[in-house]
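Labels run A, B, C and D following the written order; every chain starts at residue 1.
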Amino acid sequence: MPRAAAALQTVLDEITEIARASENRGKVADYIPELAGVNPDQFAIAVARPGQPPLVAGDVDVPFSIQSVSKVFMLALALGKLGDRLWSRVGREPSGLSFDSMLLLELEKGYPRNPFINAGAIVTTDAVLQGSIPREALGALLRFIRAAAGDEAIHINERVAQSEIATGHRNFALAHYLSSHENLKNAPDLTLGTYFHQCAVEMTCAQLANAGLFLVGGAGAPRLVSEARIRRINALMMTCGHYDGSGDYAFRVGLPGKSGVGGGILSIVPGIASIAVWSPGLNHYGNSKLGTEAMERLASRTGWSVFGPDTRQTDG
Amino acid sequence: MPRAAAALQTVLDEITEIARASENRGKVADYIPELAGVNPDQFAIAVARPGQPPLVAGDVDVPFSIQSVSKVFMLALALGKLGDRLWSRVGREPSGLSFDSMLLLELEKGYPRNPFINAGAIVTTDAVLQGSIPREALGALLRFIRAAAGDEAIHINERVAQSEIATGHRNFALAHYLSSHENLKNAPDLTLGTYFHQCAVEMTCAQLANAGLFLVGGAGAPRLVSEARIRRINALMMTCGHYDGSGDYAFRVGLPGKSGVGGGILSIVPGIASIAVWSPGLNHYGNSKLGTEAMERLASRTGWSVFGPDTRQTDG
Amino acid sequence: MPRAAAALQTVLDEITEIARASENRGKVADYIPELAGVNPDQFAIAVARPGQPPLVAGDVDVPFSIQSVSKVFMLALALGKLGDRLWSRVGREPSGLSFDSMLLLELEKGYPRNPFINAGAIVTTDAVLQGSIPREALGALLRFIRAAAGDEAIHINERVAQSEIATGHRNFALAHYLSSHENLKNAPDLTLGTYFHQCAVEMTCAQLANAGLFLVGGAGAPRLVSEARIRRINALMMTCGHYDGSGDYAFRVGLPGKSGVGGGILSIVPGIASIAVWSPGLNHYGNSKLGTEAMERLASRTGWSVFGPDTRQTDG
Amino acid sequence: MPRAAAALQTVLDEITEIARASENRGKVADYIPELAGVNPDQFAIAVARPGQPPLVAGDVDVPFSIQSVSKVFMLALALGKLGDRLWSRVGREPSGLSFDSMLLLELEKGYPRNPFINAGAIVTTDAVLQGSIPREALGALLRFIRAAAGDEAIHINERVAQSEIATGHRNFALAHYLSSHENLKNAPDLTLGTYFHQCAVEMTCAQLANAGLFLVGGAGAPRLVSEARIRRINALMMTCGHYDGSGDYAFRVGLPGKSGVGGGILSIVPGIASIAVWSPGLNHYGNSKLGTEAMERLASRTGWSVFGPDTRQTDG
């Protein structure tokens, strides 16, 4: 292992140790019954850099439900299919409200603020689904993720998907509301079926970090979307990726990121690395509590931040 | 002039030419009578890099009212005075609503979303003012800006300040509302008097670009605040600096920025440059229309973006 | 015909003539396909007084879809079943917003403002349905309405119900949102199926006026609920019966009333009469335009108003 | 004393006894310093009927600050001055939100929902003030109230007015917000000065009940406004007179009423009586807690309700 990698590995090990010793671990999402039973003591972190094996620490072999992190991949697919026409159906602004809020959706007549709150992600999924069937759309998503991660083993957990279909009343409310404004092109049940399956993709931290490499850009990174699109997706992750905690994440971590209620976070250091962290307990925004703290610690230790002068000089 | 600087000058000249030829120039803010008469045909841009003379193009000798761009400097002062205690009085999240909205302020009981919407900036000013008098607080602000810009000529336009005092009912409404939640420590009239004067600071584009150098960081940049604070202020500019158009600015330009209704925008390329652009016509968010377009063009031509891999390699 | 009845008949005939000549007839509800084709030129009015045959004028033989007027009858059933426990699930305050708004429902965590906006009516229906099946609940509703009207011919239009089931996305959104707050006890589809059928009850104006007699009270009126409950239901009709146009209706007409998007309005003169009016075109609140105008004219001509001193002296 | 009056007196005495024994008395408004010190143990009730001396019970000699009850009298003056033109500046719908909310005022661009929430009352006062000076407008108000009550001793408590001027930040916020939408015609400070003085009118319960007689109508009642206007003012009191507790008051009491944070309530039985009740402790809507309970008890004992058949038959 080269010296820089060894130093970074030490940082990851220390971060993992601190996380494991942490007493206040947040609260596991309990509104998806299938996820409510996940052991909150788990923690894992992985850093992938183009052309190098990922560095990992913690419970690295445990796959977790990526949930809303999947919205990043579906957005990439939707932009590939529709290009800028997508923005006629969903906006690019932080909502300032919780991920399943209906308030702004009503004030703005069914035009969701961005593709990372639930309403916007349902529209994004609907756009990818249009003209095909759920199995095809989900197949395209899995192909994209597997190609990005370089790992054909990534799959969807059917029980988690069914669990959400049975209990996801808030998402059904959002989908029907979108339909009432004619901002869904498929039947709500079809779009939601696809959406719930997309959220049920499972990965380990190493797989997720690898899958995020396509957003790092630069030499050696997988080239699945254009450089211009990389920047734009990263921009959306920065301003909208953590719901009404996005400003706080930008303030504390300084990197684009997308969280999921399964406890996973994907964060990008443009030109340098893709980072995945996972711990099931959530803070009051619905983002991983220890995951956010670990990312803050990693950013501080490595100097990785898009907002300071030394981001690129410090390479771990 | 070195080759890189010459190339960048060419880009600035081209951008200025395009802006000058633009027919749809937006709408000059008319609710501040003293600003309503500004000639909308004007345009200027300046790029300052540590240790180099600023490059400029357009109406570079015309001072303009920086208005809300002043919130960046007052925030730096407030953080210097209070540190993290400031966050007990104002948040760090995008509001998703217009700069003078009272809706969220009511739902969140007088705790403004961030220091860059009006309510949050009034609280920030109130924090700097506390324990002193308006003249002292404004003196501290001018000293800070003059030190940052290296220019003792920067001043406050008293007529613009008085014009706002006479007509700024929306800001009076915000200040009294904050007072009703005991989130102002001074009398509303005192805090607002200070606030309106702070907004009435006038600069040319070159002065403003120079004044922003303290947020660039790295070798040769003025060191007025710590590296950690630079990152945090830049993060806030990214997520909140353009009101409910912040997401769009991040998406299109990819740089931290702060706009003012006078038509000025200050944007930072961490480690590289501070950019000021000015054109009085505003888009529907209340941000300079041609200014935003010019910034998008400049980012595209130079590759400057915090969200892509090539930010630092391309130096103009 | 006694003299008072003859005078009232003359008033009804004049009102009908004015309505028929009216050019601005409002807009027929087009979001329920089966109702969109109703001829907007129709108008009818009926006044029922305890112990007397109803007086009618206009298109008195045409049955229309009573839609939300049904909420009055379902509320009476729910109060009969649950008594004051109903108020733990739905409030008694005007919402100040449109009948299908989700904004307040979100701010108030799934507790609808009153039983006459859609969300509150869905909860009311859910309460009546609980412990039985839709056919039984609808059977109970029809029995109640038929008993009140003294007319066994009143029925449900199945095509209208199916039309709403197919297109009522806003109501599906409300029902799922209520479920997400555990304020529905049955599956949303079951409750909504019942709700849409209840709204599809059809009556002529004379049938509806007769059915409303149970809210008139006093000697000779059908006694289906207690005097105390009559007052309370009338109070709710006054403050909430016309959605965000309730204040205007109280101001102009001065009588408790409940409207439906089918163009029907039921209004009560306590102790004196039950009035039904129907015209399909709606005003911007979603209440019958000509129906409201006719009620205002009738109240003015008869002196019927609960807010003035001469209500009871003038008996037509 | 005639038999009916004696029976009613007995009811008032019993109600007063129950109120005096009540342990949970609500919370005295503490945001107006001058009112915060009022003794919460006080209670009084008075019933005035046209042509008869008022019946009273409790602390009948203690004058109290009528606060928002004054909005009824100012509305009568404004309608007398402007007629229906008033409605171009203020609505007639319940707001569904608290008396000093800014949320709807923002959504509806400075057009207050009704004349009884603070924003609407400030507009009403502004309309009466326009073209004159505060002393004249307040003089007209006092003349109106004194004429209605038949009592020249009614006056304004200057210390209460000054206390509100010093601390009424929420009302200053509302007034400036209205100004920003050009819905105030006078300077905010002038209109608010008038408004705070109007709220500081002091009366005993007997004076207030007498002053309300002009809304009773019918034979023997003072005729200060037309019968049509009586009905309309009573309608507004019914739907909007108790803020976001208006629906509850209509449901429980069944009479038009207007409350003030001084703990007073004025309620009208059309054609029969004007009732004033006072107890300083407030419920969570900001309406007198014991006052509301007393009104509910009185309505129940007398059968007075506009929503039931026996209102006029039972005359105490």
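Operating definition for what follows: a contact is a pair of C-beta atoms (placed from the backbone, for glycine too) under 8 Å apart; a residue touches a chain by one contact, two chains touch by 3 or more.
Owing to the predicted nature of the structure, the values given are computational and were not obtained by experimental measurement.
J.: In terms of CA centroid distance, which chain is the most far removed from subunit D?
T.: In terms of C-alpha centroids, the chain at the greatest distance from subunit D is A.
J.: Averaging only over C-alpha atoms, locate the centres of subunit A and subunit C and give their separation in whole Å.
T.: 48
J.: Taking the mean of the C-alpha atoms as each chain's centre, how many Å separate subunit B from subunit C?
T.: 55
J.: Between subunit C and subunit D, what's the gap in Å when you average each chain's C-alpha atoms?
T.: 31
J.: If a residue has to touch 2 or more other chains to count, which residues of subunit B qualify?
T.: Residues 107 of subunit B touch two or more partner chains.
J.: Can you give me every chain pair that touches, using the contact definition above?
T.: A-B, A-C, B-D, C-D
J.: In the complex of these two chains, what residues of subunit A are touching subunit C?
T.: Where subunit A meets subunit C, its residues are 101-103, 105-107, 169-170, 172-177, 179-180, 188.
J.: Please output the residues of subunit B touching subunit A within their complex, sorted ascending.
T.: 91-97, 104, 113-114, 216-218, 221, 227, 230-232, 234-236, 238-240, 244-248, 250-251, 254, 256, 270-272, 305-312
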